[in-house]
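Take a look at these structures.
Each of the next two complexes has chain A plus one other chain: chain B in the first, chain C in the second.
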Partner chain A sequence: MRAPFSSLFAGRPRRAPAALALFVAAMAAMPLVAGDYLLSVLILVLFAAYLAQAWNIMMGFAGLLSIGHALYIGIGAYASAALFVHYGTSPWIGMLAGVTIAALAGAAIGALSFRFKVGGVYFALLTIAFAEFTRILADHFGWIGASSGLFLPVANRATSDVWHLRGAPVMFYYLLLAAVLALLALGRLLLGRRIGYYWQAIREDEEAAKALGIDVFRCKLAAVTLSAGLTAVAGVFHAFYYNNLYPETIFAIGRSVELMLPAIIGGLGTLFGPILGAFLLTGLSEALTNATADWGIDGLKQLLYGLVLAIVVVLRPDGIWPWIAARLGLGAAPHPPASRVPPSARERSEGALPQGQP
Partner chain B sequence: MGKETSRRLSRRAFGRGAAAAGALVAAPALLRWRAGAAEPVKIGVLLPRSGFLALIGQACQRGCDIAVPVLKDMGYAVELMNADTESSPDVARTQAEKLIREGAHVIVGAFESGATAAIAQVAEQKGTPCVINIGSEPKITEQGYKFVFRNFPTSPMLVTNGLNRMKSFFETTGTTPKTAVLMHVNDTFGQSMLAGINALAPKIGLPFKIVETIAYDPKTRDLSIEVAKAKAAGAELHMVVTRLNDAILMIREMVKQKYEPMGVISPGSPGMYEGQFLKTLGKYADYCVSNVPWINPKQEMSQTLEKAFHKAYPDQDFDLNIGFSFEGIQICADAAKRAGSNAPQALVEALKATHIEKRVMIGGPIRFAANGQNPDQVSAAVQNRGGKPLVVLPPDSAAEKPVFPVPGWQQRT
Partner chain C sequence: MLLANILVAGLLTGAVYALMALGLSVIFGVIRIVNFAHGEMMVLGMFGAWALNRFLHLDPLWAMPLVAAALFLAGYALQRGLINRFVARPEHMQFLLMLAIAIMLTSAMLMGFGPDARNVQLDYAFDSYDLGGLLVDKVRVLAAGGAVAGAALLWAFFRFARTGKAIRACADNYLGAQVVGLDVKRLYAITFGIGAACVGAAGSLMLLLVDVHPYLATDYTLLAFIIVIVGGLGSLGGALLGGLLIGLSEALSGFFIDPSMKSMFSYGLLILVLLVRPQGLLGRRL
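Up next, the complex of A and B:
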């Protein structure tokens, strides 16, 4: 067990583990000082960070664009919530069911696409199509409440019941924090393994990867399956945190787009980028809400939010984290997807596959 | 010295002294309590003022905003704390937390079912009362919540009331169609209405037979095929479940295809009473009937509200969104006044005992059953007449008599 743990920081500057420890300690201590509102905002941050990390495995590592990830959130949420409501099944067991179904759904979509050479934007369109028709199916599926929604019983509790995920927001905060850190570690381990290198090779040039003998079909299928299954975990937490599910909101395209943003803004293909992106975007959203609340102009917040996103994308097209990491000395030089790297930078990095992103 | 002291400080004197000291210590707290009672009740209003429900959310906000001066004239002190849910349940939840943290004594909202369910849950967890102005999802008041109250009919109530009103509409006009075609928007709302109609029609004993049901896409730009199909069915009544844009498209196509049923009636959906429908279609919008909860034009309170509303917003629709949103604020103000305190438990107890006779919507006095639902909700028959939606039933709230069968498209001036 020592080898995988030590490999988490292999090739990193010495200050990287210290910075991570500081981050974890600060996050762990946060509920002690944060009020209810700040805690609920931080839970949103962790949800966003986790989802962006899970999506990043597909897009950031393997270069597969999915705009229908809400499908897997919905599957995880509905599977665990319906089992809990109808049979009293623990959400952890429901999570197994949700993750399995979501992974199978991801594998099916992937197999269908990759077998028939559906790639690029067409693959992205296919992911939207699956999310949309699952939403329509859910709208008519009585066992999960159809369009009327599925409600989980809510009660005020003095203590938290982790086995049934019934409890105060602080319980969800720590569970999500653990999930985010676990996914960070998993991402780091995967990138250092053969599969991680294969994914990055496929991302950079699929034909070249094929020519090198990489089983592109299996590698891409693994990325979709893993990403789908991990996304479903967030769905379970979503269901038990919000306690009500509607097909129209859980499978919404808007949700699929939202969950991509932290990874794009933070830094595609990086490990810490989605987490940083989640902090920045959720923080920005809340700050703009508070700033514009008294101005009485409806929709101004969305306008400003869009403007800030556009500015960030223009100024830092590779995301904010690689830029910050380079300045803080927290990682190796960033290796974003080649299509977004200027030719001169690409030439510099030629000849070596990325060693795992910071 | 000791003897003298003991004589001075007898047990009785000590008791008196302790009582006086206690009173002195408690005085600021008592003063604060009294001041608290006089403090205006802070109402956190959560509505979808941006996002895809922005238009309707902003209308609801106008209903809440106009309530402040109107209620002030009636001796109620209220203060609104507004938040935009951005048409998202996730944002609704965070904003509810924020409003409660910032001192909202009660929260009101939230129009959309997901957002309403989210804020109801936060209210329950925080022990802050929540009054639902608009939100028809029945399960919200079936959760055993102790802090949640709803002054809006649930979706089964809407369908039942709408279909019953249809029966009374035909009884009053003395003409009952024998057949009907049902055209409905094929989205979540349309599907749930269809399921409700199919389930309740046999129980209610509708006087006509639905010979054909035609669904259409909510984003459609052309309803020519669907309207041709409806015309071919040869039914006497055209029953619809619409939203705004499709309702306009449908009537235009009916005029174009010279499809002239005895009338167009909705058992309870938006679209046909809305200002945009009336303005766009002109005389063709007339005589369409919507069986929906509506503002009672005969109530003194609604007349006062309408006057104030049109003064503040001369170009805006005065419809059920305004009425229910106003009543949401009125309910909170009334509870705070009777409670004499803005403390959550006192407000909840007062809300449970709500009995408001002077309301703006048609229906019995506002009251709440044990589950927090107002059971006395009524749907009016609202018929467009001369470019305005007017109540034609129930008779005691009617501004005009109902017309059925309606004049043909070409017979209108």
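Up next, the complex of A and C:
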């Protein structure tokens, strides 16, 4: 089920840059026409898109399933917010601290897992374990407010102080938009480099990649570290946009799960999939909230949301972006991971328990 | 003596955990699908037993076989109708499917039973046995007894029944099982049904010990993962050992440190086992 070799080198259709330019222009002009509600929804979309892109580096590019990315959001959020609350440090400096800690945490988790050859489902469960462990630890860590929460002074929404990230939602909108576009460019750059090809090789067949002489350990470590550090950036924006932090919600496994959905629904390993997925899923969620609010039935919204997820996953296993892109003639290169594992690979991976005992 | 009481209570609760985890272990061991909706099925079992108690005044202990049978049928149908198509898909697709099922189950329970905590009123709820100073709650003994009986039944099924042996053959050698003419799809559906029945039975028993509400599900899913990995995925004895260990660890850390930190020690144990002995304490070397 591998895509033909040549598709990797297929030239990008000319329509793609034009479509991208149109998208950027529309998004940049949006605050001029959008009301407060629409702007707040678009900020949610951008948060979702950024996080899904950052997560996609690990899962989509290198094939490493992490269900614990809330850990890195929480680290970024708490590091910057605690420094700001206690010392008045600028969040940009706090971001430096948060990103560094998150990247180190990611590197440590990755190094431990890959050194001991923990892979597949076991790696995913290990990421959950670290996130949950940290959540309970943060619940009892007084310096960051423990379980009663950490609060930032309420922002003056009239002026925008970018250096201290105090300002109107529209400031966050443009910062997040810039972050999403920067990550898009970074993804494009990485996939065209040696490391991008190494990641995809590892994703498709780790043993074969090793046989080709790729340093699998270092490549996987690079993916985890980069993804963790980038995820922490969103944590900083989260803290200063919402102004309150609780370990219970920021480290929640529900957040880890939610942030990976746009990438999977949109198209794993693609550049635009996570962005499209963020629009679709956030839009779906908002539409369902508005539609079901009148009926006042608890849980109906979630039921429908789950139903849509199930339908998409049954009908479009490769995600929605590759399907749309092919129809619009935008080209879906780089190609997403194979949606069916060949039986031989399945037999071999067997839940990816270590082949060699540590 | 207080410590002994706590240890025994932890072990007895652990037995119910073990039955829950057995369900997960059976499903993963044979079908190689990680059931991320396991906690949701557990809570469904709890609500099933609650409804039988509320409307038919059935003791959760007697509700257990009925709930188990109902969940067997539901699990069978689910595997046949939906999950079977995902057996050969990569892990993240399976995860997404199970997640969608989990979301739908939770919200359906929220719609059906509401968000409030529910419990059963039993006239023996506060009885306890006094074994030479050692106080043991009656409900805990009954729950653990039910769990052990369920686990024994499962063991006997896989050891002696023809279908049980056939399922083991599927798990050992998928291709070989097909070659000798086993109906793998049907056996997979039975396996998922058995896993669901285990967790349903465990849910009925758990209702003797705790109140039920729809949001318990995620915690139980994670708990089942921890137990199964600590004990060894796919190993029946491992799930039992893991359940008892986690029950003990929860009881001890709740007593000595802080009840709100009890699951942190479970996660600590999980991380340790994954790094030092990833196949689990009793898992086979792969």
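The working rule: the second predicted complex is superposed on the first by the 322 of 358 C-alpha atoms of A that agree within 3 Å, B and C clash if a C-alpha of one lies under 4 Å from a C-alpha of the other, contacts with A are read in each partner's own complex, and residues count from 1 in each chain.
We adopt the following convention: a residue touches a chain if its C-beta (ideal position, glycine included) is under 8 Å from a C-beta of that chain, and two chains touch if they have at least 3 such contacts.
Everything quoted here is computed from the prediction, not taken from an experiment.
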Worksheet, complete the sentence: The chain contacting more residues of chain A, comparing chain B with chain C, is C
Discussion item. Looking at A:41 after the superposition, I want to know if it touches chain B, chain C, both of them or none. Which is it: first, second, both, neither?
Written reply: first
Practice prompt. Pick one for A:139: touches chain B only (first), chain C only (second), both, or neither.
Written response: both
Worksheet item: Taking the superposition as given, does A:207 touch the first partner, chain B, the second, chain C, both, or neither?
Response: neither
Practice prompt. Identify the partner contact of A:286: answer first if only chain B is touched, second if only chain C is, both if each is, neither if none is.
Written response: first
Item to complete: Return first, second, both or neither, reflecting whether A:305 touches chain B, chain C, both chains, or no partner chain.
Response: second
Fill in: Interface residues of chain A shared between complexes with chain B and chain C
139-140, 147, 254, 298-299, 301-302
Worksheet item: Across the complex, what residues on chain A touch chain C?
Response: 59, 65, 67, 112-113, 116-118, 120-122, 124-126, 128-130, 132-133, 136-137, 139-140, 147, 253-254, 257, 260-261, 264, 268, 297-303, 305-307, 309-310, 313-314, 317, 337-341, 343, 346-347, 350-351, 353-355, 357-358
Worksheet item: Okay, in this complex, where on chain A does chain B touch?
Response: 35-37, 40-41, 44, 139-140, 146-149, 151, 153-156, 242-244, 246-249, 254, 286, 289, 293, 298-299, 301-302
Discussion item. Give the list of chain C residues in touch with chain A in this complex.
Written reply: 28, 32, 34, 82, 85, 88-93, 95-97, 99-104, 106-111, 114-115, 174-175, 214, 218, 222, 225-226, 229, 233, 258, 260-261, 263-264, 267-268, 270-271, 274-276, 278-279, 285-286
Discussion item. Touching residues of chain B toward chain A in the complex: what are they?
Written reply: 49-51, 54, 58, 82-84, 86, 88-91, 93-95, 97-98, 100-101, 113-114, 117-118, 121, 124-127, 137-139, 142-145, 155, 188-189, 191-192
